[in-house]
Amino acid sequence: MRKIAFYVLIAALVVVVLFPLYWVVATSIKSIRDAFAIPPVWLFEPTWDNYGRVLSNGVFLRAFVNSVIVSFIASTIAVTIGALAAYGLVQQSDTVKSNNEKFVLSLRIAPPLIFVIPTYFLAAQLKLLNNHWLLIAVYAFINIPFAISMLLTFFEDIPRELRDAAKVDGAREFTIFWEVFLPVAKGGIIATLIMCVLFTWNEFFIALVLTGRDTQTLPVSITSFLTFQGVQWGPLTAAATLVMLPMLILGMLVQGQIVRGMSLGSIKG
Amino acid sequence: MTKDATTLFYRPVMVFMGAVSVVVTVYVLWLTVQNISLLRPGAQQFIGLDNYARLLFDMRGLSALGRTVLFTVLATGIELVLGLSIALLLDREFAGKRVVRALILVPIVMTPVVVGLTWRFMFDPSSGMANYLLSVIGFGPVDWLGSTNVALFSLLIADIWQWTPFVVLLTMASLEALPGDPQSAARVDGAREWQVLWHITLPMLQRALLVVGVIRAIDSIKAFDIFYIMTRGGPALSTETLNLYGYIAAFTNFDISYALTIAMVLTILTNVALLAVYGLAFRPKKSG
Amino acid sequence: QDASKPYAGTRLAVLMEGHPTTDGIQALLPEFTEATGIEVELEVVPESDITAKTLLEFSSGSGRYDVVQNNIIFVPGFVEAGYVEPLDELEAQNPSFIDRDDFVPGYLNTNLVDGKLYGLPVYGESTFLMYRKDLFEEYGIAVPTSFADIEDAARTIKEKSNGEITGITMRGAQGIHSVYVWAGYLWGFGGEFIDAEGGSALGTPEAAESLEAFARVLRDYGPVGVANFGWEENRVLFQQGKAGMTLDATVNGAFNEDPEISSVVGKVGYVPVPVETDAPKGGSSSLAVHSLYISSASVNKEAAWLFASWATAKEQQIKSLEIAPNSGVTSLAALSSEAFDSRYGAFKDAMIASINQGNPQYLPTVPAANEIINNAGIAVSKVLAGTASATDALAEADAANAAALSR
Amino acid sequence: MPKLSLQLKNIVKAYGAVPVLKGVSVDAEEGEFVVLLGPSGCGKSTLLHAIAGLHPIDSGDIVIEGRSVTDMPTRDRDVAMVFQSYALYPNMTVAQNIGFPLRMRKIPAAEIASRVGEVARLLQIEPLLERRPRELSGGQRQRVAIGRALVRDPKVFLFDEPLSNLDATLRVETRSEIKRLHAQLGKTMIYVTHDQIEAMTLATKIVVMNKGDIQQIGTPHEVYHHPANLFVARFVGSPTMHMFAGTLVKGADGISFDDGKGWRVPVQGVDPIAAGQAVLLGLRPEHIVLAQPGSGESATVESVEPTGPEDNVVLTIRGQEAIARFPTGSVEAGSTVAVTLDIAKASLFAADSGLRLN
Amino acid sequence: MPKLSLQLKNIVKAYGAVPVLKGVSVDAEEGEFVVLLGPSGCGKSTLLHAIAGLHPIDSGDIVIEGRSVTDMPTRDRDVAMVFQSYALYPNMTVAQNIGFPLRMRKIPAAEIASRVGEVARLLQIEPLLERRPRELSGGQRQRVAIGRALVRDPKVFLFDEPLSNLDATLRVETRSEIKRLHAQLGKTMIYVTHDQIEAMTLATKIVVMNKGDIQQIGTPHEVYHHPANLFVARFVGSPTMHMFAGTLVKGADGISFDDGKGWRVPVQGVDPIAAGQAVLLGLRPEHIVLAQPGSGESATVESVEPTGPEDNVVLTIRGQEAIARFPTGSVEAGSTVAVTLDIAKASLFAADSGLRLN
């Protein structure tokens, strides 16, 4: 009985979560007429034209590659630096910790508007506007605060004795960080990394301003299907589906790595 | 003594981030005391605090601020509660857990522009799914996005849909990191599942939830894509937040200085709020 | 080096908006490179953000883009700021692709500032009134020639169809959408955005009257949710046969007549936008034109010119009718081509009529244009939502516009 | 007939492919004090967890006061448990930790406070009531864990090595508190320990386990003095029982043990048909007692290890090393002493099956 | 003169306002085996942590092999430690846990594998090498923690109650392994335990602490047989030493103890000027021995608690309850027996200061 209720709840959740996705995917393989019909057309002849169009579009493919490069490198940098900083912070006294954390969180507050304009002018001077590293640097910078505060949370759950034990065993700080904290907080690291990747993968405004032809990322590319003469629904939804797919697979793969109750048995008391 | 090594881990990062933020802040402040417009290159002058004075009496800005607060509080609150509930629901072993976990990510994975368009379409009064479903169960059409009373809440729904998974993902990660022993002990001690949750699990998740909440709050204040795509602040400004107003001032009116003034004030106000929340919520625990 | 290709090897950076015309040009680019040896790096960004990006780029003065696309609304602003290059001299130097006479005159003329040509139109449109011939016949309604007629017709349709069919649908979303359509009412009622002295003119009774009429007909006979209707919602509703009339861009004709997506093919009549007064200060049909401009900071102006003139030449426009069809062609030759007729014949005449009486000042073309449109949009939205009276809302917009104009 | 308070019927449990409990059956009458003994890793904690319902079992049935609780959630089983790992609530103070089970039972706050105070006094942690677990020493944490169980009045108490980190004095005191409580409440208690004194003094019934199987169930006396098999004999008692190898031979005076090297002693209570069998004769250290010089067996003192009250003495007796416990300082390493072996108290085991023969 | 391997000079440490170590000074010569004894919460673990450099100390100096390490990071102090709470690396297998300290010292993988294998064999956890800590029983976890220390060859070993969760057999074996290792390596070891046998058999020096202060430093024999004060006398030994209250009186035959109720016994080795002082006469259980009926003191048996080899017997002797340990079954509750009190081995303490007088 409880089991059934549980599965019903899960099913309801999945339906709510997936409905818009269903709509997007369905639209991408529907004719325009079917897509906008009310009552909705549930049975239709799928058409793959939109995918053909999107996939044969060099701009879209390049944007895809750009997004992969930018979001993965930037997120990796952000999580790496964030993890290092969080490791340093978690050893400090409560006041040092909370002061730094407040500062870090306050960095996330600034709306993109504030730094995009100065960055644009600076990058224009340095002729970096068509350079992946500009985007990577900006994205890494804005994700570091998030990474620090999340990882600080996960690191705080690691018993202090583990660090003590590693020190006694002769580990240097970096080794403790690398061999003990990172693996033990793996679930948190993965979750944080996923979020950083998604934040950058989907970021539109900064990308719009700071990318050039060679560095344009997917959100900008996709948004170009919004013309003032209407939305090109077919290609847009097809592109959106293609954009989501790798992230979902990635999400599934990496989340499988998480072991629950990792620290169980490590400490008595 | 042994602390020296650990400070090396965060000091350089903090110093670098601090330096960058100081430079940017000073630069932005410098821009806000002029009247720079992208359409009048070279014509800017120093105008002191005029932009700030202008914002102080800008009814549009002030009501946008109120709306921002309302939206942020509602979005953060609902997303936290909902996200936590879903995380707890999923925090057990069942067939298909991995798939469900990945599917939960769908809303954040979806490009925000597409999310906005999708919801805008679903909220379409005549051909949208929302009203279609209502009509199936016998309710009249709701003017989701065209009514000044409803539009903000429609956006809220879309925002909740998109960002609750963020809370779910991070909460699940925290839940998974818990040792699990104290929960067992509480069950032995006669706690019902909700009591285990309330007395043991939640306190242990407290910090994670707070951080997630703070980040969600900060991001809701800055919410942009959904607003921009779905209503652009309309109808009758009923969904214009301060951040959106700043964006419009910058990229529709090209009034860079005023836009940055808005953004700066928003940043300062948010910072003040953050410090207050932080002071309340993260009261440092006793040493140990 | 080949003397016929003096700019061979030049790399041009071009910024264009996402649009079928851009798709057409993109597809034809290899031909241009073959003909001139010029490499074109085409960057496509969303239409709604292209101006912001362009302006940031222009104000940084780095000359990153040689050619940019934009709306005529901003031309005077660009010119005044010295952001874009006059084209006459370049034209004289290298006329190989240009044929000024082939452009729809209304479109080309919008790009003239103080007699100098600054842009070459790639895309243009106007507005007209679309109505359901079948319904008008069934209910015995005459084709409207005034806004009062429109209101009557809307009422009749709504009543006679028992509310099944909306009298009229128009864009009501705050911002450019509603302003674009309401501007037809404004001019038709004898109003204007900016008076002859360059001051804001939205505080006039004509303006208030026009807004009142616009809002009233939508509130009383318009569809649910109209206050957030953009171009898309409006178009879809009409082409699904759920509305008796709509007043919108000429390009909508193409959608109405596309049997793939429309259920009103052949049932729609097209007439120019009505006027209410006999002495309007300008036409009540729009002239919306998107053109290619050459950045003053470009170091490849000649090559840029070649590209702009090639991209807008009739050959390319005709070819693009096959690649990415679009009714907004700016070439007369393309307009009268077989391909155009077969697709867009149903509304072509009304469209050309609208273009011919199109008002180049339909939307204001001053540097502060965007802000003025924005302020007006808020007023329209407020009245539509019923949160303010037309007079009050416009008075507020008028004050804001006056401030913007004086800034 | 006394009521059965807890019945474990053929409990089977495996972690993946690793079998941990291989069919464990134990009955406990109301008010019984069952001590679980067994080597590290034999499944004692797993069994307690199973009784509490924290791990699902693979098969078998658990019955508490006549009702099968196998599918009942932990909460409804009404057991109190001291976890081997303490499992304190890190976010609560000591007082809140101890009071938690009462709070869950909606006991009024005033009563909670008084009962917590009483338990804290008993465990000598009164000054620590406002601290959090991470501010406590190991033994203090363990006492909090004990307190959390003692504060309650459940159907069954489960103790998993509850005193292992306490100093001797405190251990004696706490042990007698538990004993007193047991006598007073009359509740069934299941108690895991590695401490022989605890096992002997507390238990009314000892269950000896090995590798997920039960080896013997009996009173402390039975288990200590009449171990059912070699495993129990060797496992219980420290220093461990010494085994002399030999065979059973039938003589005129009945059955005797013969070590094959000329040592032959009669043994009692052995089934004559066992004659000829290879056996082990088990003698506990205390069954080797110092005798007057000249009498008994002669033994060489190999080493003397003082343990305080007595010395552990390694002797060579009849060519075999055995440990005895003699009063402090009574013998010296290297000397030769006379000892008597209390064969009457010896245990005899079949060398092949390991089962007790006498 | 043997080299001093570890010197603790006046170590002071407080957690916030709670003083934990109040000036602890201990010297350990090279190869010494120092056992720390003390009640739960007295600061033993804190002291070990301080030696390892895990908690900064407030004042004092720690010297290892002649060099002050007070400001040296843990890594450079080269100590190995078994944590009371184990502190296993949850992400690593048992083998990786044990091999970790070697890996940190860049020992070649092959050697690590062989040393880990050896330690695992010794601790009987070979089959578990590929498991993770969460898949182990409590005692298995503790053995992994021990293994991680034993695998190394540091300057000082620190053991914090390393055997508390092991069964008796394993405990004996591991204890003797540690002893063997100590003899073989000759390294200084500091060892915290609550087990008297461990303390007595392992230590070359016992340090008894209470509430952050040192009570006595001495050999096991000294601490057990000549406790320096009442605290040590009562704390060491179980069952605890019994104290008879009385006064010292000077008689013809020297100083005697007088309980004021007619019992007077001469005592040796007491400074005559102590006469007249209120004192406590301490007798350990083993100093009360069964005598032939009629001889010695008469005592009533109040209760008998079997512990296996012997029974703990509560006797009333001269109006006071004392515990003795008699062979199993030698007396019965309620009976009256004759006992001799071995006054020569008794300890005498001043009632006021608690200091030893003889």
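Read from first to last, the chains carry the letters A, B, C, D and E; within each, the first residue is number 1.
Just so it is clear, contacts are C-beta pairs under 8 Å (C-beta built on N, C-alpha and C of every residue); 3 or more make two chains touch, one makes a residue touch a chain.
This is a predicted model, so every value here is computed, not measured.
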(message) Using C-alpha centres only, name the chain that sits farthest from chain D.
(response) C
(message) What pair of chains is linked by the largest number of C-beta pairs in contact?
(response) A-B
(request) Go ahead and note the Å separation of the Cα centroids belonging to chain B and chain D. (result) 59
(request) Averaged over CA atoms, how far is the centre of chain A from the centre of chain C? Could you give it in whole Å? (result) 38
(request) Could you tell me the distance, in whole angstrom, between the mean C-alpha positions of chain A and chain D? (result) 55
(request) Would you mind pulling out the distance in Å between where the CA atoms of chain D average out and where those of chain E do? (result) 23
(message) Among all residues of chain E, which ones touch two or more of the remaining chains?
(response) 15, 53, 73-74, 84-85, 135-136, 138
(request) Any chance you could list the residues of chain A touching two or more other chains? (result) 36, 117, 167, 172, 223, 226, 231, 261-265, 267-269
(request) Hunt down the residues of chain B that sit against at least two other chains at once, touch-wise. (result) 2, 5, 126-127, 181, 250, 287
(request) Using the touch definition up top, name the residues of chain D that touch chain E in the complex. (result) 15, 37-41, 44-46, 84-85, 135-140, 143, 160-161, 164-172, 194-197, 200-201, 220-221, 224-225, 234-240, 284-286, 305-310, 312, 325, 327-328
(request) Report the residues of chain A in contact with chain D in the complex, numbered from low to high. (result) 265, 268-269
(message) Quick check: in the complex, which residue numbers of chain D touch chain B?
(response) 49, 52-54, 73-75, 78-81, 83, 85, 87-92, 100-101, 104-105, 132, 134-135, 148, 152
(request) Using the touch rule from the top, collect the residues of chain C that touch chain B in their complex. (result) 49, 51-52, 55-56, 58-59, 61, 77, 80-83, 172-175, 223-229, 233, 236-237, 240, 242, 367-368, 370-371, 374, 377-378, 381-382, 384-385, 387-388, 404, 407
(message) Can you tell me which positions in chain B touch chain D when the two form their complex?
(response) 181-182, 184-192, 195, 199-200, 203-204, 206, 286, 288
